[in-house]
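A, B and C label the chains in the order they appear, each numbered from 1.
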Amino acid sequence: MTQVCVNSLRVAVPGKTLLDDLNLEFSPGQLVGLIGPNGAGKTTLIKTLAGFRPAGTGAVTWNGRDIRQWTARERAAVCGYLPQHYVFAWDYNVRDLIELGAARVAANEHSIADAVRAHELEALVERRWSTLSGGERARCLLASVMVAAPALLLVDEPGASLDIRHRIDLLARLRATAAKATVIVVMHDLELAARYCDRLVLLANGRIAQDAPSAEVIAPGALDATFGVRFQRVAIRPGFDAMLGIPPS
Amino acid sequence: MFRSGFILCAGWLAAQAGAGLAAPLLVEDALGRSVRLEKPAQRIVPIFSSNTELVAALGLADRIVGVEAFTRDPPEVLGKPLIGGRLGFSVDAIVRQSPDLVVVTPARQAMHQIIEPMSRLHIPVIVLQSRSVREVIGNVRLLGRATGTEARAEALAGSFEARLQRVQARHSQTARPRVVLITGRLGNGMVLIARSDTYTGDALRLAGARPALEQTVVPQVSPEAVIAADPDVLLFAGTREHFAELLATPGWSLLRAVRAQRAYLVSRSEFLIPGPRTFDGIEKLSRLLAAAREH
Amino acid sequence: MGRSRLLLGAALLGSLGFAASAGHDWATPAAVFRSLAGDDSLQSQLLITWRYPRILAAALVGALLGLGGAIFQGVFRNPLAEPYLLGSSGGAAVGATIALLVPMGLPSQWLLAGLSFLGAWGATWLVLLVGGWRRGADAAHLLLAGVAIAAMLGAVRSFMMLALSDDTMNLQAVLSWTLGGIQTPGWWGVLLLGGLTALALAAVMTLAHGLDLLGLGDEQAHAFGLQPERFVRWAVLVASAVVAVAVAWGGLVAFVGLIAPHVARWRCGPRHRRLLPESAAIGAILVVLCDGLARSVLPPAEIPLGLITAVFGGPFFLFVLARRRRP
């Protein structure tokens, strides 16, 4: 997959327009962050990109072909989707989940073993979902999505329920994946978005407020206006992992 | 004037005496209830075919003023007003006929729907039971007393008893074949058989048969049990088609009765209605069993 | 894992052996062997023509109920889902009532089986149509439609029973069918049932992957390549057909379709490739044992099979409750 294109996309429900005339293009090699205030349309956009929501007017195309013409199987083979919340009806174990993910491309035992290794799940393979911690669950789900080596990876709030260390770990993996695939993530945490994403798309009220490399978007301008908040910009010095804002006394 | 007054008084006294001759009857029914009738019943509502047939057998078909929908015999009662059927009994319809006696059997909720309302309306109800053939004969005498036709009832009862004696005499010296009488099939494959503690079982015994299955707690029986009992004679109270269908189900062809052609159809009205036709049935069956013994 | 399968197989054979002996007349193992060796006595012939087809039919009916129940639990993502959720019991009862009360020219055993099958499966079609056909089937809509249709069918059946019964075929005769029970089929009937069961197993195994995916949630299932609403519609039709076949041969047997998949999931986990056959095996064992009990507890009568399974169903749920309460 080389190109994901969004052309004049409009998604509306009775009484409200969720996305209004969006035009975007995504290519492999960059980690793209979707940021914006609540209700801006980030989750709607990512779900439409994944094919869960039908486009109102306009189109989403993968490699030039409208995704409405792809069957669910074809989409699953090239696209991976990591949701914000996930609740499973049954107590699968780690191995089950990776196998289910691998079935998208009829992967063999080899790929499954590789995925287990790549996400450090060797010790957890037979463990049941209910016995895993939040961080282990995130890694396991990522492994089941990545085992099929999707060319397009869509992530909604990576690590939303994880502690800071696991969140950073997850973003590092996503960044590594973005080297070869197209990776689009929805992020609330602006600081991590700025640090890990190459490009940021700032959404507001269903429209694109800004679509540029992170450094530009982070600079004073549309960001403050869109969020209605005054940001103090401070560089993280080498040797430190994350930022802690200290309120004025 | 004194004389006419005296004649009037004498007439009045005579009328009283006459009325006193038709004094209130006290009849004890099958439940031990003491039923009081002001005079012999003239307007009778017999509920269920058995009671209707008994009343008609006493020659009182013209006194019947209401029947229920399932009663089809004797022909004189067809066309009489209906007082109930499949969906129960209508107290209104009964009362509309102004009966002075209602005869009922404790089956199909008839008792609960009728005794209380009738007692509130002061209409006498006689409950009859038919737990044995003897009791059926007793019912004839009971109805005779309630209707003022004791002589006719005694003659009828006597004739039934005489017929039974003749039948007994015929088969007293011979061996009794083991018999199963199937009276119906349930939707789940079970069969209903005549139990020894009912008048049907009693009738079989009087006709010279011996029950092939021992006393059962419930009337529905697994076909396997009937087949394993392997009776000498198999009887079916129903239609020929239903009998053929039953015999086509697995296992029935193993019965010696079926293989030796000793599987017979009997009339439902003769074995399942405890009335005068029961005695016809006993006689017919006794002849059938005698013929079967010849094989 | 192989040992667990072996244990299950042994349990199935053991239960068949028990059922072959059980009945109003307990047959010793020696008698069973004699009958299989070609003995000519009435007892042996009775075993072969009546009891053996019966226990095989019981095993097949149990297997079908286990399969149907497992699919329903997978589709509704709920371990309390059972095969009669979408009106099949109501439809089957209407079909059986018609077969028992309306005189038609056809042999009654096939008529009863055929009409109860059509009633059971037909009710599910009705529920799918009412619950949303074109948009695909949403589980919640289906459940609501199922409740409505079941209520209406119950009323239709009661009305028919009142209007059509007469003094030869009364209410008791019809009600006895609804309590469930296997009517001994001939050997042709057993063969037909066996063929249908094999077909059902094959059809059901194709649903295994989709059921696994459904358990991940609608969205994740979609992301992994399933179209949940279309799949649910298809799975419900297959499961209902499977259950309808079971009902045609065995009447309305409660709880087996609920307990068997539940127990199977405890033993082998939630993946349906293993769960479905195990559920079938456990269902078979349950029905064979319960049918054996039904035939032997109150001789010479039979207790309706549905009653026996209901008697065990209650305590089973108390047991499940106790397990959940433990930390």
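Observations
Going forward, a residue touches a chain if its C-beta (ideal position, glycine included) is under 8 Å from a C-beta of that chain, and two chains touch if they have at least 3 such contacts.
On a predicted model such as this, the values are computed, not experimentally measured, just so you know.
Greatest Cα centroid separation from chain B: this falls to A.
Chain pair with the highest count of contacting C-beta pairs: B-C.
Taking the mean of each chain's C-alpha atoms as its centre, the chain lying closest to the overall protein C-alpha centroid is C. Inter-chain spacing, taken between the CA centroids of chain A and chain C, is 45 Å. With centres defined as mean CA coordinates, chain B is found 85 Å away from chain A.
Residues of chain B touching chain C in their complex: 70, 86-87, 184-190, 213, 216-218, 220-228, 230, 238, 245, 248-251, 254, 268.
Chain A meets chain C in the complex at residues 50-52, 72-73, 75-77, 79-81, 83, 86-93, 96, 100-101, 103-104, 145.
Against chain A, the residues of chain C that register as touching in their complex are 77-78, 209, 212-217, 219-220, 222-227, 265, 269-271.
The touching residues of chain C, counted against chain B in their complex, run 23-25, 42-43, 45-46, 49-51, 53, 96, 100, 107-109, 112, 162, 165-168, 172-177, 179-181, 183-186, 251, 295, 298-302, 304.
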